Structure formats: structure tokens, C-alpha cells
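Heads up, the next two complexes both have chain A, just with different partners, chain B and then chain C.
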Partner chain A sequence: MLKILKYSFYDLMRSRWSYVYFLFYLALGFVLLFLNNDLSKAVITLMNVIIVLVPLISTIFGVMYFYNSKEFTELLLAQPLKRTSIFLGQYFGVAGSLTMSLVLGLGLPFVLYGLFKSDAIWDFSLLLITGAFLTLIFTALAFNIAISNENKIKGFGYAVLLWLFLAVIYDGLFLLSLILLEEYPLDSFSLVATMLNPIDLSRTLILLKLDISALLGYTGAVFKSFFGTNLGLMISISMLLLWTILPIWRLAYKSKRKDF
Partner chain B sequence: MNKLRLSLSVLIFLMGTALWAEIIEVCAACDVKSIKDGIVLASDHDTLLIKRGTYKEFNIVIDKPLTLLGEEFPVIDGEDKGEIITIISDNVTVDGLFIINVGTSYTKDFAAIRVVKSKNFLIQNVVLEKLFFGIYLEKSQDGRVFHNNIIGDAVEEFNSGNGIQLWYCRNIEIEQNIVQHVRDGIYLEFSDDVIIKNNTSSNNVRYGLHFMFSNNDIYEGNTFENNGAGVAVMFSKKIKMLNNSFKKNWGTASFGLLLKEINDAEISGNSFEENTIGMNIEGSNRITYANNEFIRNGWAIKVRGACYTNSFVNNNFLYNSFDISYNSKLNDNVFEKNYWSDYTGYDLDKDGIGDVPYRPVKLFSYIVNRTPETIVLLRSLFMDIIDFSEKVSPVFTPDNLLDAMPLMKKSE
Partner chain C sequence: MIRIENLHKKFGKNQVLSNLDLDIKGGGIFAVLGPNGSGKTTLIKSILGMVIPSKGSISVLDKSIKKNWKYRQEIDYLPQIANFPGNLKVKELIRMIKDLRQKESKEDELIKTFGLETFLDKKLGTLSGGTKQKVNIVLTFMFDSPLIILDEPTTGLDPASLIKLKELILQEKGKGKTILITTHIMQFVEEMADEIIYLLEGDIYFKGSIQQLMAKTQQTDFEHAIAAISIQTTDA
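Let's turn to the complex of A and B:
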């Protein structure tokens, strides 16, 4: 598996795409810091980017990579190799290189601008951790979609739809149900609904570090007492872990049974 | 003018004491061993020089014009038995005392220093600790409360008192006091022509400053920080609030400044920083808000309704989660020439004023008003999208609520 991981990783390194991705984040980080020169403000803008762009890029890139390397996969399948190690190797290669581009691309400008001397370091590391998790989760979901759909167009369609659903539509439905059910106590409902969507979960985690004064009103108190504590943080991190492990497990399961 | 008159009268009064007043020394080794005895012995306009030491006394009634001067902060320990100093005469000065252990009662408002129906008093350089009520002014006028330090240990509202309380007073100056850990830092009820200047009121259980039915007052240059619910100004007219700083009032029902039934006030030069709600306005009319700064609040201004003919000019709104929140579709208030950090318009003619009007009320803040739980969707992509569509064509928010002349740069 490690060999395939290494191969996929270097393949991506060579293919320029991870450089483009890396340079994009690098430029973004520098421009943000150049424009407002204030670490904690830049972190807020970055949050918007991470919540929206990271899942989108991971999804598209994951699906694209899977379909593109199909012939190579078929070649590997002919070798005496375990199927799970082929697919998991590819997955970790892609996810690993994307994560590295993200962390390095964003990390470098911030470190150069004096992150270690600033008190925004915890907010920033949380930002990077959630970004990394989102990459892992959405690449895994993309691989799942690709492995279940032979048709490329369909696969792409589903992948974009998945992103659209989790990033936008889910919140719309969430909002709608909150308004429709406004007569009922909604604290635990909204807590659960937040936990079920990795994008919402990441957003809430970061928000609680940033906009606490606003969130402390009304329901915010409930959220703060949940996510603000160590237990809440542990639960949300393990929720993100679960979100990562489940698709990977399904990928391994599917890859064993798929007829090529 | 008032101030001049007051300081003149204080000056003349001090000169008077120097000329023919006696000084009576009070200490453990002196002829006069207690403050009460000193007061009995003294004749009008004498000075009681209280030397260093601890005096276990309470219910000290000052019934003639005297000066109580502490030397090196003598301690007056009330041993939680009741009120400590009660002033019932005009022209009394209390200076440099350390008063502790005021009695707590559920039927009487015991105070460390109470002034009853008196004129021309001066209370300065007094330190109060472990108190119930601190300085309680009752139906008094022309006085000055200057440079006192009040540190309480209040935990709950029902069994604690206020730092400085005014009840039916006129023409009082409250300056440079520090009030901490009491129920309401400074409380005014039915008190007119009061000047509250350069005080610091922080970490109080309820309000930093609390106004009720008090007109023509000025408060200026005060700092209110980390109080239970901020500052509340209610049912008052013609109040000036200038250059105060409202900071870090965090909590579910917390705000920097609450205005309720306030008319014809002037609020300018204040800064509101990191409060859950910067300013909460309800039933307040004809108020001018100018040159205020709202920095990183949850809501900068929350307008609850029945607010007419207010004008917001030259304010800075910087990085608030919500700038303005409205709960009705009616708007009669004017927003003009403010700086909004969320403004995305352009300025082609370079006159420093944006060419596109800014709409400070987001659809999301309207939704949050209706269903508070939706706050969990703050900063989600979906919300940004519907906020944008509302910005383009307002349906739910008042469509005449806009700043037609938003500034491109922060106003100084």
C-alpha cells in the first residue's frame, strides 16, 4: 500500500496540479495578509475560503483523479496485489498531497508574517486541522462516488451535487426546519443537525473561536457550553474522524467486491 | 458655571475652616478616642483629624458642618452591624477614610456613607470594601463625589447593594471613582443635573451605570467594562453621553448600552467594543448618534421598535457580526455618512462617499430576530447567498433603511 501511496503522491507532484493548488493558497495567504495586515481578521476570511473551497476542490479533484488513473488501476489489479491496498494507496496519495498543499500553502505566509508571535496561533491551527479533515472527508466521498459510477459524467454530476448539498442545500433545509419548528425547543436539534454535516461542524468549531460575542446570545450559550468545553471539542473531532473513516471503510469494502 | 460656583464655595469654606476652625485629633492614644465622641465635642466647621488605626464604630451621625479628614487611611470597621456614616448636615466633607464591613439587611439599605437632605457636601479619597450600599445620596444637592474606590464582593443581585446611589438629588458631580463588584456601579433615580465623569465601573453583577427617571444629566469619559448586563438608561430626557467606553459586556442578555424610553439625548464619541449587543434601543426618539465606534460586537445596534426620528451620523461600524438589526418594516431613522467595514461599493467621483447606498440590515439578522436558534447558521454560504439576494432587492427588511452616503474611509 505504501508503495502505491508513494507512487500516487509523486505522480501528483509531477502532474503540476498540486503545485497549482499550493500556489493558489500561497497567493491567497499573502494577498490576505498584505491587504489587512491583521492576523485574526485574515483568519476569518480564510474560514470562508476553507469552508467552501476546500470541499469543492477535494471533491472535483478526487473524482477527476480516480477516473483519470483508471487504466493504471486496471494494470495494478492484474498484479498480485491486495485490492484494498491499491485503492487506499491511491486515496491516501491524493488526500495527502492535497492536505500538504493546503497546510504548506496557507501556513508559509502566516508563519512569515509572524504567526508564532501572535495569539491567533490556536485559531489558525484549528483552521488548518479542520481544513485537513475536510480534504480527507471529501476526497474519500469523491472516491466513493467514482467507484460506484462507471459513467464519468454521472460521477462528476453526483460529486458536484454532493458538494452543493452539504455546502448550501443542507443549510437551507436546516434553516427551513428551524423556522417551521420555531415553537419547539430547538437547542439539541440544531446541535445534532450541526454534527451531521462536516462542513457545518467545521464552521461552528471555527466560529466559536471567532464570533463568540454574537453566538453567546440565545442559543449560542448552549453551543458554547457544548463546543467550548474539552468534551465538546473531543466529540466534534471524533465526529470528523468518523466522517473520514466511514467513507474510507466503504471504499475498501466496495473495492473488494467490485467487478472490473 | 455650576462647577465654578461649587469650587468657589468649597474654597471659601476651606478658608473659613483655616481661619477659625479647630482641629480635633482622634486616635487610640489621644484624648478623643472615637469618631462619635469627636463629633459630639466639635463645634460647627471644625475638622476631625482621624489618625491611623482601626475604629470599630457604626451609626456615626454627622449633624453639624464638619470635615472628617483621615490621616493615612484610618479604618472604620462597621463589623456588619449596620450603616456607618450618616450625614444630615450641610457643608460636610469626608476625606481619606477606609470603611469596611457595612451591615447587610433585607429591609434597610445600609450604606457606608449616606447623605440625607444636605447641601454642599464633598466625599473624596474614600476607600470602601465589603459593603452593602456604598455612597448613598438621598434628597441632597450641590455635592461632589470625587476619587473614591469602591470594591464590593457582590455575587447575587438580591443580597447586594449599589456602589454609588443617587435618589432625588440635584446638581451633583461624580468624578474619577472606581466601582467594582457591586450590584449597580452607579445608580440614579429621579436625579437631575448630575455630571458623571471619568469613572470606571467594572465587573458589577448587574449594570455598570443605571439611570431611571433622571433628566438633564451628562456622563462623559467613563469606562464600563465586563458588567453583568452593561449600562442601562431608562425613562429619562435630555441626557448627554459623551466619549464613554463600553467594553466586553458578554452574555445571553448582555449589552453595552440599553436605551429605553429615552428622548432628546445626544450620544457621541463613545466606543463599543466586543459586546454581545453594542446598543439596544427601545422606544427612544429624537436622539443624535454621532462619531461613535462599534468594534467587533455581535450586534452593533439592535433597534427594538418605537424608535423615531433618530439620526446616525459619522459612526464607524467595524467588523460586527451584524451592524443593525430591526424587528419592524417601518423606518423613520436616518443613517448618513457612516463608515461600514462590510461596505463593498465604489467611489468613482473620489469624493470619499460611496456611490452605491449601503443596507445595514441583513436578511439574516431579520431571520435571527424571528427564530433566535438560526444564529448557528452564521457565516454559512447559504446565508451569504440569501443576504446577497436581499441586498439586491429588499423584500423583508425596510427598503428605505439605507445609508445613502456611506464613507469610503473610517471617520476620525
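Let's turn to the complex of A and C:
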């Protein structure tokens, strides 16, 4: 698997898109720091961008890579290699190079600005960790969609829909249900609903870490008492892990049964 | 060498292979023939483990291929359409395949035979169809495996390269290897094949030598004999 990972990773490192992605984050990091002139504020703005953009780019890039490397995959399938290694190798190659672009692209400007001497370092690290998780999760979901759909157009459609659902529609439905059910106690419902969407989960995690939960009123207090504790943090991280592992597992399962 | 029992394959509602039995003892050139859509490529891909059978069993070199991937170390496969990752250079591709296989290889000799020296630093995406096919041939023949599977090996080749390919195939046959070829060029089959496996509607319709085929169809010309089997069945 490591060999496939290596080749996929090299292949991507040489492609223009990795650089575009890297330069985009680099520019974003510098511009935010320049405009805000404050690390913590830049981290908050960055969060809003990361939460929406990382899933979108990972999804699109994942689907695109899977379909584009069809020939490479077929070449590998005739070699003495295990199927799961081929697909997991490619997956980690893509997710790895995306994560690297993200971490380096954002990390560089912040380090240059004096991140290590600032209090924001933990917030910033959490931001990068959730960013990495979102990349892993959405690339895995994208690979899952691509492996189940021979038709590229359909695959792309489903991938974009998935992103739209988790990034936008889910929140809408969530809010709607909160309004409709306002007579009932909704603490645990909203906790669970937050946990079930990796984007919401990441957002809540970062917001609470940034200590601006006071802005969220009563719900904020409930959330704070849950996510703020070590247990809450552990549960959230395990949820993110679960969100990563399940699609990867399905990818491995599907890859063993597919015809090429 | 290859033993296939009761092989079935369905793609959705489309039954491509049905109840196919095949036993190839080994040594010699076997031509897998049949009209378009008769299941030739599916049969080959099943042997390679790229297509997973709906039913039945396949064993290569006396080992079942189910949930097994190491046996592919003993197979050299030339895919039908030489589609390679476009932004790799020829020599990078060769190096990669060598690295993945970890086997002794003789690519230099083959590169010289097919005159690919000047293309080594070119990206695969920029090569012509025929040159790609030559790269494909180099990748297939550079290892020394007892089983060679060629899916339409002649596609896009110029006459000079075709002659070299034939020599190469005969040379490998001389080493006692088993070579499976699918093609639509009957002249190539007539010249090369020791045995013919004729597929029709997902099953083996005829297996035997060219002489046996001509005797069966009462034809004196091989091309007509092949055409005659197709016609016989449409009548039946």
C-alpha cells in the first residue's frame, strides 16, 4: 500500500492543482493576518472558510482524482497487488497531499507572524486538526461515491449534493426542527444532531475552544458544558474518527467486489 | 496451468459468461476468438481477477485465485487499450512497474528492439497510439512469467513492429510458456496459434487445433472456417 501511496502522492505533488490549493491557503493566511492584524481574530475568520471550503475541495478533488486515475488503477489491478492496497493507497495519497497543502499553506504565514509566541497556538492547532479530519472524511466520502458510480456526471452530481447537504441543508433542517419543536427540551437532540454532521461538529468544537460560546446564549452553555469538558472533547474526536473510518472501511469493502 | 469450472458472470441483467469450463494444460499459444461481445475480455479479466465471477471457480498454476493476488506475479498481461497515466514519463512508468513487481526484468533489450530509446523522456500522454502499444508490449514482456495474456496485441502496430512482436511471442513460446491471445486478425491466428478457443454467447463453442476446425467446418481456408462457425450457429 505504501508504494501506491508514494506514487499517487508524487503524481499529485506534480500536478498543478496541489499548488493552486497550496497557494490559495498561503494567500488566504497572509491576507487574513494582514487585514486583522491579530492572530485570534484571523483564526475565527479562517474557521468559517475552512469549515465550508475544505469539505468542498476534498469532495470535488477526490471524485476527480478517482475518475482521472482510472487507467492507472487498471494498470495496477493487473499487477500482483492487493485490491485494498491499491485503493487505500490512492486514497491516502490524495488525502495526504490535500492535508499537506492545507497545513503548509496556512501554517507558513501564521508561523512567520509569530504563532509560537502567541496564545492562539492551541486554537490554531485545533483548527488544522479539524481541517485535516474534514479532508480525510470528505475525500473518503468522495471515493465512496466515485467507486459506486461508473457514470462520471452522476458521481460529480452526488458528490456536490452531499457537500451541499452537509454544509448547508443540514443546518437549515436542524434550525427548522428547533423552531418546530421549541416546546420540548432540545439539549440532547441538538447535541446529537451536531454530532451527526462532521461539519457542524468541527464548527462547534472550534467555536467552543475559542471561548466565544457566551455569544450562543443558553445553548452555548449546554454545549460548553458538554464539548468543553475532556469527555466531550474525547467523544467529539471519536465521532470524527468514526466519520473517517466508516467510509474508508466501505471503500475497502467495495473495492474487493468491483469489476473492472 | 489454468483451470476454469462452471464460470458464470453477469453484469446487471447481461449474462456475459455462462457455465464456461476450460482447461489449459500449458505450453503453447492459445487464441481466444469470438465475435464482439462474446465474452473474450471478460474471460481474460476473470483469470486476472479484475472481474469477479458470479459463480464458478478459476485456478491458475494449481491455486485458486479467489481472495488471492500473489498469483498475478506469474502473469504478464497486455491490456487491450493502452491507457496509461498521462503525466508520467515512459521511463518512470517502467521503473514504477519494476518497483511494484520486484522481479528481474529485461526492459533495455526490448526498448532497443522496438526503438523506444528516444521516447523514454516523453510523457505518456503525448505518445501516439502505436508507440503507446509498444510501451505496453515492453511492460508486458520485460518480466519472465510462465503465463502471458495478450488482449489485442496487434492494435496500432506498424508491419515492422508486428514482425518483431511475432518473433517475441515465438521466442517466449520456445521457453515453454503458455500464451493466451485474443485478436480479430485471423491471419495472425493462423500463423501463430497452436490451439483455438472459440467463444460464443458466453460459452466455449469450439476448442481444438486449426486443422480440427477446418475438418469440422469442411472448409479449406481458415478465415472461412471461422466465419463458417459463426454462420452455423446463427442457423442453429
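Convention: the second predicted complex is superposed on the first by the 256 of 260 C-alpha atoms of A that agree within 3 Å, B and C clash if a C-alpha of one lies under 4 Å from a C-alpha of the other, contacts with A are read in each partner's own complex, and residues count from 1 in each chain.
Rule of thumb we're sticking to: contacts are C-beta pairs under 8 Å (C-beta built on N, C-alpha and C of every residue); 3 or more make two chains touch, one makes a residue touch a chain.
None of the values given here were measured: they were computed from a predicted structure.
**Student:** For the overlay on chain A, clash or fit between chain B and chain C?
**Tutor:** On the superposed model, which is not a single observed complex, chain B and chain C fit side by side.
**Student:** Could you say whether A:Gln79 touches chain B, chain C, both of them, or neither, answering first, second, both or neither?
**Tutor:** second
**Student:** So, does A:Phe260 touch the first partner chain B, the second partner chain C, both, or neither?
**Tutor:** A:Phe260 sits against chain C, while chain B stays out of touch.
**Student:** So in the superposed three-chain picture, is A:Tyr7 touching just chain B, just chain C, both, or none of them (first/second/both/neither)?
**Tutor:** It touches chain C, and chain B stays clear.
**Student:** Of the two partner chains, chain B (first) and chain C (second), which one does A:Ile153 touch, if any: first, second, both, or neither?
**Tutor:** Neither partner.
**Student:** Does chain B (first) or chain C (second) touch A:Ser15, or do both, or does neither?
**Tutor:** After superposition on chain A, A:Ser15 lies in contact with chain C alone.
**Student:** In the overlay of the two complexes, what angle sits at the CA centre of chain A between those of chain B and chain C, given in steps of 10 degrees?
**Tutor:** Value: 180 degrees, nearest 10.
**Student:** Have a look at where A:Val192 lands relative to chain B and chain C in the superposition and call it first, second, both or neither.
**Tutor:** A:Val192 contacts neither chain B nor chain C.
**Student:** Give the label of whichever partner, chain B or chain C, reaches more residues of chain A.
**Tutor:** B
**Student:** In Å, how small is the closest CA gap from chain B to chain C once the two complexes are overlaid?
**Tutor:** Across the overlay, chain B reaches chain C at a minimum of 37 Å between C-alpha atoms.
**Student:** Any idea which chain B residues touch chain A in the complex?
**Tutor:** Per the touch definition, chain B meets chain A at residues 250-254, 274-277, 296-299, 319, 321-322, 367, 370-385.
**Student:** Quick one: in the complex, what on chain A touches chain B?
**Tutor:** Going through chain A, the ones touching chain B are 41, 47-48, 51-52, 167-169, 171-172, 174-175, 178-179, 182, 186-187, 190, 194, 200, 203-204, 207, 211-221, 223.
**Student:** Considering the complex alone, what residue numbers of chain C touch chain A?
**Tutor:** 11, 45, 48-52, 69-73, 75, 77, 79, 83-85, 87-88, 96-97, 99-101
**Student:** For the complex, which residues does chain A have touching chain C?
**Tutor:** 3, 7, 11, 14-15, 69-72, 74-83, 257-260
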